[in-house]
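Naming follows writing order (A, B and C), and every chain is counted from residue 1.
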Amino acid sequence: MSAPAAASRAEARRGPFPWDLLGVVVLAIIAAFTPDLLRFVFDRASVSYLSIASNALSLAILALSWDMLARTGNLSLAHAAFYGAGAYTTALLVKHADVPLWLGIPLGGVVAVAFALLLGSFTLRLRGIYFAIATLAFAEVLKSVVHHAPTDFAGGNAGMNVPALFRPVFIAGEMERWEVAYMRNEAYFYVYAGLLVATVLASILLQRSRLRHAMTAMRTNEEVAGVMGVRATRVKLLAFTLSSAFVGMLGAVEAHRVGSVLPEQSFSVATTVLALVTPIFGGLYTTLGPIVGAFGLSSVQELLRRTFADGYLIGYGVVLVLTILFMPRGVVGTLGTFFRRRRKGAQR
Amino acid sequence: MDLNLLAQALVSGILAAGLYALVSVGLALAIGVIGIVNFAHGEFFMIGAFLAYQLFVSFGIDPVWSLLLVAPALGLIGALIYTSTIRFVLKAPELNQMLLTFGIGIILTNMALLIWGGDPRTIAGIAYRSIGYQVGGVSIGLVPLASFVISFTLVLGLYWMLARTPIGRAMRAVAQNRTGAALVGLEVNRVYLVAFALSAALAGIGGVMIAVIQSPTPGVGLAFTLKAFAIVVVAGLGNIRGVLFASLFVAISESLVATLVPNGDTLRNAVFFAIIFAVLVWRSRRVA
Amino acid sequence: MSVVLTAKGLSKRFGGLAAVDDVSFEVEQGEIFAIIGPNGAGKTTTLNLVSGLLVPTAGSVTLHGRDLTTLTAAERCHAGLGRAFQVVQPFPEMTVRENVLVGAMFGTPGISRADAERRADHALEVTGTTNLAERDAEELTLMEEKRLEIARALATAPTVLLLDEVMAGLRPAEARDAVRLVRSVRDEGVTVVFIEHVMPVVRDLADRVLVMDYGKVLTEGRYADVTKDQRVIEAYLGRDDDAPPTDVAAAAAPAGASGDAAEDEA
């Protein structure tokens, strides 16, 4: 047996060094200091930078949660449905029930999971393109249903207002005006960071467990996975559950941050597009890929938005097309192959 | 129930089916012959509509004449898109193809939004739009009738072409067996190019008609992509001949719901999606 | 000897077409059982019905007296049915060992990680793929892929292993290795059911042979007997356009007479 093989065998017994978990800790520490750092560097401009940073975190949650389902080989076009379900859950709670604002976030996740399990159990046998079209149709039906629900219940076309989670108070003489906005954005930033850390942990646990092998097997060929004992139905529904739970909570948080829910906005196809373009750009079926994709695309989007006020979505389309044509394995996949080749070359 | 209303709904459904068939048959051509699930198909339709609008606004060209200009223009755009992108993913996984065309769709929609904005655009002041006929209590507009006749003729023309002409036979040969077709000397790539251009041109013609029938926004592209998918899915993916019947089924269902269900007009889209979802799920359960 | 696997009245219709029509057979503990027949006879469909990839229109499958008919493929795997495919499909993003580990981890519910690793290593050893363990599954030759395919199936700890044309595409020397491989699988105590086109392989391996044609069972028995059966010869010769010529020759010739040629073949 060759030396590296023996080494990796020994490593398998001890367990490899947990780089991934270390990464989460580093990510959390960076996130903890980001608001103060931004404020130190940009002063009052940090208000908008914080907001941009929150958007990047939000995109990362969206993308990573989508990827967790994609790992089973099911590229869903229903992510907007789970996002919207979360958003509308918290909005409806605020409107019709006298409960703490925060409750809408976990419940948003729960309702999203309920819809995901419904969709999942209907689409168990659909593969590839058929699955994609069916999930898109499901999301659009849900949008229509919300749209046409009685107006005094769900607000119809005009949607509903959702109160902010945070309302820092301006204290004259002790702070400047912009600091109120800073405090609000800082609070949201921490919520997004916390949600992202939770999503990343879930993703890492998946990747470290034997479920990773089950998902890879299903993605390659569900029949083969089946005769090897992988209970595809269970794994798929679990992936649907995890995937929708996080995006449902994200939808709820964003409803509070934006201040309203609307059928067209909360169930927007654009949400689905972002959810799938980001991991494809960053690298599918990994924890790192969607996060790299989210930070990469957020930066690109900011640059585009500053250059062209309108039509920056064109940029997303271009990124998607170029990625499929030239980098079908995404940033992380392409770099991974590159380094692996180099290492192999060095061994020889 | 008001029988007149029912008859009106049926007639409206049948008339709408022509346009739906025209757009869907192009999508079925792309799927059946090239094997490309084209999520940007409705955008060709949308571009056709806005080209007709622009030709009218800028040069005062009547949409009837635009038909002759827009069809080759869209054929050219289709050929360009095929040559610059689609060609390279013919052997890639199905989902990559889908995502590529999805990306192309996003680019085209947002370019249209940039150029024409998000508001509905109307081709104003065409005399023939208000012409209509009364047949036994059912009113039939000249424009929907003409669009039905043109669409129907074109779809039948396509069927004829597939059955009788050399290029049509080549398309069917390629659709049935790619490697086999290559072996007997068909230039598969050229057949694909023609099929894709034709598919885009048919959608473009449909777009010109919608510009007269409605006041479209750039969002009409995605809407018609999805309508076309509903029809193609009902017909069976890639089944070109089934499209005509599937169009009738889907269009009449839509029209009945819009007419007979209170407030149903706004539910049109839901009908399509519900049909797509139900048919896909039902088929998947039946097969195994 | 006791019966481990029973198929009773298995039928599968696709639309109006009966791909498999009232197929019954019994496989005994520890034997190597071959299913042969011309192309399109319904062999692979039969295997799919047994392993749970297709739901039969009628009929039942029993393993160790337990009715499997309503179980999914995964549940049948847990019950002790292994399956290797004709078109080998290794999971490309994994090493050979990880591929085998999938079978070991999921083939037995509740197995510990350590036990799964031991079982995977054992399967690698039996199939002679230990030296490939750390290679990427994408980099294998056809013969290596076939070994991997059997190793994966073996790692699920089957009592009955279903093999679909493992010899297809192999060179004669490789086919000899494959024959040895199947024997060593049987020596592990695993009952083997296999589909095969290459007749000398069937002759060398099979304890009993089931012959199918047009979705039906034509006959069943020892190799030497069924190959003398006039109906079997006709089934192969009568449709020589869809069976490879070597098969026709081997099937048509009396078993003993083709000895030398067969040695080259297998």
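Just so we're on the same page, a residue touches a chain if its C-beta (ideal position, glycine included) is under 8 Å from a C-beta of that chain, and two chains touch if they have at least 3 such contacts.
None of the values given here were measured: they were computed from a predicted structure.
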| item | value |
| --- | --- |
| Per-chain CA centroid nearest to the all-protein CA mean | A |
| Chain whose mean Cα position lies farthest from chain C | B |
| Averaged-CA centre spacing for the pair chain C and chain B, given as whole angstrom | 48 |
| Centre-to-centre distance between chain C and chain A (centres being mean Cα positions), rounded to whole Å | 44 |
| Cα-centroid distance, chain A relative to chain B, in whole angstrom | 33 |
| Chain B: positions in contact with at least two other chains | 288 |
| Interfacial residue positions of chain A with respect to chain B in the complex | 75, 122-123, 125-126, 128-130, 132-134, 136-138, 140-141, 144-145, 147-148, 269, 273, 276-277, 280, 310-311, 313-314, 316-321, 324-325, 328 |
| Touching residues on chain A, where the partner in the complex is chain C | 1-2, 4-5, 8, 12, 210, 213-214, 216-217, 220-221, 223-233, 285 |
| Interfacial residue positions of chain B with respect to chain A in the complex | 37, 85, 88-89, 92, 94-96, 98-100, 102-111, 113-114, 222, 226, 229-230, 233, 237, 263, 266-267, 269-270, 272-274, 276-277, 280-281, 284-285, 287-288 |
| Chain C residues within the chain A interface of the complex | 51-53, 72-78, 81-83, 85, 89, 91-94, 98, 101-103, 105-109, 113, 117, 131, 133-134, 152-153, 156 |
